[in-house]
Amino acid sequence: MKSILVLQGPNLNLVGQREPSVYGRESLTDWMTAQLPRWAREGAEVHIIQSNHEGELIDALHAHGFKADGIVFNPGGFTHTSVALRDAVAAIDAPVIEVHLTNIYAREPFRQHSMISGVCAAVISGLGFAGYEAAVQYVLHH
Amino acid sequence: MKSILVLQGPNLNLVGQREPSVYGRESLTDWMTAQLPRWAREGAEVHIIQSNHEGELIDALHAHGFKADGIVFNPGGFTHTSVALRDAVAAIDAPVIEVHLTNIYAREPFRQHSMISGVCAAVISGLGFAGYEAAVQYVLHH
Amino acid sequence: MKSILVLQGPNLNLVGQREPSVYGRESLTDWMTAQLPRWAREGAEVHIIQSNHEGELIDALHAHGFKADGIVFNPGGFTHTSVALRDAVAAIDAPVIEVHLTNIYAREPFRQHSMISGVCAAVISGLGFAGYEAAVQYVLHH
Amino acid sequence: MKSILVLQGPNLNLVGQREPSVYGRESLTDWMTAQLPRWAREGAEVHIIQSNHEGELIDALHAHGFKADGIVFNPGGFTHTSVALRDAVAAIDAPVIEVHLTNIYAREPFRQHSMISGVCAAVISGLGFAGYEAAVQYVLHH
Amino acid sequence: MKSILVLQGPNLNLVGQREPSVYGRESLTDWMTAQLPRWAREGAEVHIIQSNHEGELIDALHAHGFKADGIVFNPGGFTHTSVALRDAVAAIDAPVIEVHLTNIYAREPFRQHSMISGVCAAVISGLGFAGYEAAVQYVLHH
Amino acid sequence: MKSILVLQGPNLNLVGQREPSVYGRESLTDWMTAQLPRWAREGAEVHIIQSNHEGELIDALHAHGFKADGIVFNPGGFTHTSVALRDAVAAIDAPVIEVHLTNIYAREPFRQHSMISGVCAAVISGLGFAGYEAAVQYVLHH
Amino acid sequence: MKSILVLQGPNLNLVGQREPSVYGRESLTDWMTAQLPRWAREGAEVHIIQSNHEGELIDALHAHGFKADGIVFNPGGFTHTSVALRDAVAAIDAPVIEVHLTNIYAREPFRQHSMISGVCAAVISGLGFAGYEAAVQYVLHH
Amino acid sequence: MKSILVLQGPNLNLVGQREPSVYGRESLTDWMTAQLPRWAREGAEVHIIQSNHEGELIDALHAHGFKADGIVFNPGGFTHTSVALRDAVAAIDAPVIEVHLTNIYAREPFRQHSMISGVCAAVISGLGFAGYEAAVQYVLHH
Amino acid sequence: MKSILVLQGPNLNLVGQREPSVYGRESLTDWMTAQLPRWAREGAEVHIIQSNHEGELIDALHAHGFKADGIVFNPGGFTHTSVALRDAVAAIDAPVIEVHLTNIYAREPFRQHSMISGVCAAVISGLGFAGYEAAVQYVLHH
Amino acid sequence: MKSILVLQGPNLNLVGQREPSVYGRESLTDWMTAQLPRWAREGAEVHIIQSNHEGELIDALHAHGFKADGIVFNPGGFTHTSVALRDAVAAIDAPVIEVHLTNIYAREPFRQHSMISGVCAAVISGLGFAGYEAAVQYVLHH
Amino acid sequence: MKSILVLQGPNLNLVGQREPSVYGRESLTDWMTAQLPRWAREGAEVHIIQSNHEGELIDALHAHGFKADGIVFNPGGFTHTSVALRDAVAAIDAPVIEVHLTNIYAREPFRQHSMISGVCAAVISGLGFAGYEAAVQYVLHH
Amino acid sequence: MKSILVLQGPNLNLVGQREPSVYGRESLTDWMTAQLPRWAREGAEVHIIQSNHEGELIDALHAHGFKADGIVFNPGGFTHTSVALRDAVAAIDAPVIEVHLTNIYAREPFRQHSMISGVCAAVISGLGFAGYEAAVQYVLHH
């Protein structure tokens, strides 16, 4: 059984409620919860943590980063500025897959650079919920 | 009765104590508390929240942003860098008026750009405590 | 009785006629003229000058800047480039409140920097006509 | 009969006299005056205004911009810096064709960006006097 | 049956041969050819085109872009500079998924910006061969 | 009889089919072919070449550049990046008129600089098909 | 007896565990705890606080900044971006010595600028654990 | 007898009244008027023009620039931005000496570049009133 | 016998014909052909390829790069922008010597940076035809 | 006995005489000479060299850099620009500790970057004379 | 009697010999020597020092800067880069007048910024030898 | 007999001793001395000067620059910053060939721009000792 952390950054609790023209109306949490049994059958024990607090995200990376087999991380608005999150990702053992619901490279200029990507294993941007699926599959099979 | 949130960012708890040559010696909290009865008579129920934690400010925006009639927001030092706060402001329904005690455009270069302004309804900078008054009046009458 | 100059820069004579989706359909001059009696009752003698000529704006700042109690200044398109207007504002005694109808920080990049703000007492941007009201009140009560 | 304004910015009164190696020795005004009868026969009533004063150019755009069928505008040295002229062009109804005698993109770096082009219908640069002809023809036939 | 084009840019014919420490030793073409029967069973008719010529890539986008259900595109070194490829992607009907074998955001600065991403549906970077799989699956299921 | 080459860069074969809100629905090739008899009567033998291959455009400039009386060149997406095309234009004898259907200076920032303009005789941008007409007329009469 | 706060920012709880090639294998906390008796004998009462939460660091600066004789501060990844921490350092009375284990000026470009240094009394970078010693001695003797 | 124009830009009418800590308390006009007889004895007929209007400065350069022996020009705040004044200086025959009362290179960054200097014969900055004297002497003896 | 490829980029077929004040009047091809017998006697079998097509240059690097002893490469206008050529040079085994006829560092700013140099063994710029000689000699003796 | 070179760059001979509000009134040389006996007792033979000549500083680094146990280097104004000193520091065996009397990161922007730091072992800035003490102790104990 | 140092930086020994089209053919030293008797009669004892060594210029500023009444300094090529010379100028008591023979603001971009000007009393650029005269007169009369 | 100066900048006396992984272990001086008899036989009288002092390099350029037939110059770390050396190279008659042992364009960003190249005849970078040979041969035969 592989252990995977899905870590959700600020404002992602609002997906399904916020800016539906951009993110759609389905709740990300509902969708993800619905996948848990299937992921379990495929061999992945998936934990989901969401926080609007940068410090809690760092704490979660420390807590899971030395025992999980992989981390699927959507850092939300912290993506573009947080050196502390970058340091936390670099410090842990588990490979991190950065995921964004939308294609950030097609949005405002300040969203087109990620401070985190340089220490992640891979980046998936714009596949919507399917991006999480692809990241989980990648950890499962590598 | 209109519901208004006054949201205060980091270090604003020190106003009246910190750098009096810049911010004066009166406590911002004392002054604001003193206005509450008058604002109530004019038809505004005003809530005041101050925090040095970015995550708590995001939480507060989420909690009030779908039911308040307006939010008066001084993001303090987070003004210049926080994409997560920008996303929170963009995600909620209530219009946000950004307020700064001093004229930030007359200070150090790194203070002259606000990451938040682009998603606010308006910006008031340099009117001191009167900036909060103007913002509350604006929400009351629009 | 306090003496206040409201100084209007280029193209502001067109407000109410130009880009109604941005500025609305009401004439700024009509609105302001309608406030004059009230402002007089509140103790402010308000003069209004509009010009599309940078030199005339400088001349007006020189003429009023050593006797007015405050100047409410919307520099229009000169906001972003005019060192000469900045010098004129810096040279006079009266405090200057910079006002913009729209939130300039939410528009094109070249509109997000003001060459004038660094020598103004305060900046109000995005309150529409109410910005002039707030600025007049500020001069009246400080 | 179509109404066309040809608006000439600063220093263009010197063409034919100034820097002949760059602009040639023929007076632009003489040439343009000579075309008036032909343009009239082709259906265009052309007015020509030249000014070294930015404010007068704005005034002229306001005066003609809501009744002319098109404006042929060489903003001269104001091309590269004037937000106020850009605003005036954006505020009026008539389409504006920006014209430069020389190819500004082959000159000094500070001449290679136009603050005006972004709100013009088209730009013609480097055709000499023929640029005015092409612009007038364009307004005539569109 | 869905029609999918996998379009490979310059130097990708060398994968498996070139810089094995970066790209591994397996030939990308061999791997992809081996997937064709499975993809066919899953409902995707996949065409593979590789070229070192920018013009041939544009021609291929034109030829397939109005009839394919999706295009999986690794533009190689053209990623970072080609406006012509961007225009071709923008001009066609089929959604384009940009794929890179390595995480380009962790490489040299000039590789961290893609001229193409802004007009793609999504970007996958750093999943190795699995990135092609994820992109094909995405087209299959959306 | 004057010899003129009209040289069309990448993606211009799609005009009339691609992004009609930007470029219109008429095929550029059809329109241009329809003008050939008239241009012949006016004294111009016009050759039309379109290619999506940078190298073929260079070859065409070499082949015609020492015998044509003028070249009307729309470099498409190569406009903004190609030093090789700039060198080819600089190397030949025929004057080159750069033409763009749309006003590139009113589009994305990366489209507002042309690498080619600095060695062209003139630039026409935003006149649509009429830009080609104006360029051909210019070569005919100078 | 002098009162000194040693304030440790994000990820510093991992030192001794994380990236040993960069930071060594000894735990920073262990080492520091071992110095406490000696520092006490030399006249310094040293408090140690570590947090991954920016808000808690601000709270700590507020709590100790008006009574401590000096603060030794390693802001970790917040060094490079936090205006809020800079404001907190500027607001308090105690002098702050910024300390980094490694020589940050020899690392990635984004680590070579500190947002905090401009309001600190001094900066020590690259002395490893000895940097804390030097900072404590400095507060003790000045 | 040599003919010299001293041309004064915006706000220079305030010298002696404005910012005495920077410019001193003596009126520049008074001082200059007092020199006229001496300059006449030394062979220079000096005309003095001051204007806050960019267009009037251009007009003055046109009017004197083809008959004066030299022009001493303090462009004030227009120094840093005006391409139109640069064009006017470049267009005339008389050599122009740019003069600033203060050392502009020791002031704010936006004052340290002059758009005019590149077409002037010389620049004198920081000599106070003596800068005008030196410029007049230079024209007299060259 | 050593095998050497001399690879010539766009427009170099025109040397001797184009801009003689810059490149001289002798044909580069003629000169190089004349050296072949001597180079053969010295032990070098030299192949010469010239193309205006970036893709053909990449193909040539692939074809020769795993069997030649060295490649002398003048990338012409592709020097400054081509990541694809850089990737091809990096992918092959043969050392590449970059050669330019003129001293590119003394020309326009956009010519002073080479995208290729970072993966070449050496760069020779400004020696004219002798640069090819020096590069061939270098491959012969190392 | 450890051998330590203290190397002082330009203008440091004036400390105690120059800008006392910045550097204090005590002579740095006097203070350092007074420490020599104590340092000798602690086991350090310290040599002090001061020069205003970049070349002499390089010569001194060469002369001591292969036999000293450590070098304490205050490069003064050469800190910010000298690649030659950087090369000399990189070329020698002895570890170099860069020291500045004041906190350079709190001064003018051009002083906030050091060309030398990237090849030093550590940097101490703003501890005054105590910075030299800390550096000497560091060499003594490591 | 006033004491004045004229300090000449690198390559100024060649004036009269080097680039006569830029600097003229007269030797600067010869001219200056010829002025010494006149300057003596006017009350100035003038010393002239020229050196190509930055360190010697610093030494000279130290030696004369605390006893001369003024220093006329042409830093030559060190103008644009030397922080050490800037520090030396800032450290001494004598006012420094920076002089350049040519108008540096009309030359290459890297010559248009002076690292020294910010700490000089005034700058004279482009008056040729007369610049030295004006500077000496300024020291004599202030 | 041709007279050639080989001028070596700072730290080049250490080649063969310093960073052997970069520069190799052979002394450059030894190698060069060994070539002197051969160069004499081929017709070149070669003088070799090395200095770590910028001023001495300028003096050497002045001393040899008007009588040597060519100068082979490796400016070492002064390459990237010295305007004074650039001026000296521009002032002399002898053509200068700039030589670097390593390929500077493949090293740190601050090493990839040379302040000297713009006034040299040619640049050779990365050929090791053979670069000096190629430069001497070039002077011998041109």
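All chains are identified by letter, namely A, B, C, D, E, F, G, H, I, J, K and L, in their written order; residue positions are counted from 1 within each chain.
Operating definition for what follows: a contact is a pair of C-beta atoms (placed from the backbone, for glycine too) under 8 Å apart; a residue touches a chain by one contact, two chains touch by 3 or more.
Computed from a prediction, not measured in an experiment: that's the story for all the values here.
Each of B-G and D-F has its own count of C-beta contacts, and the greater count is at D-F. Homomeric contact chain H/chain K: same residue numbering on both sides for over half of the interface positions. As a whole-number value, the distance joining the C-alpha centres of chain H and chain I reads 55 Å.
A separation of 48 Å divides the Cα centre of chain C from that of chain F. One finds 63 Å separating the Cα centroids of chain B and chain L. With touch defined as above, residues shared between interfaces to two or more other chains in chain E number as follows: 53-56, 81.
Those chain pairs judged to touch are A-B, A-E, A-G, B-C, B-G, C-D, C-H, D-F, D-H, E-F, E-I, F-I, G-J, H-K, I-L, J-K, J-L, K-L. Only residues 53-56, 58-59, 62, 81-88, 90-92, 115 of chain G touch chain B when the two sit together in their complex.
Residues 9-11, 13-14, 17-19, 51-56, 76-81, 110-111 of chain J are the ones touching chain K in the complex. By the touch rule above, chain G contacts chain J in their complex via residues 103, 105-106, 112-114, 117-127, 130-131, 134, 137-138, 141-142.
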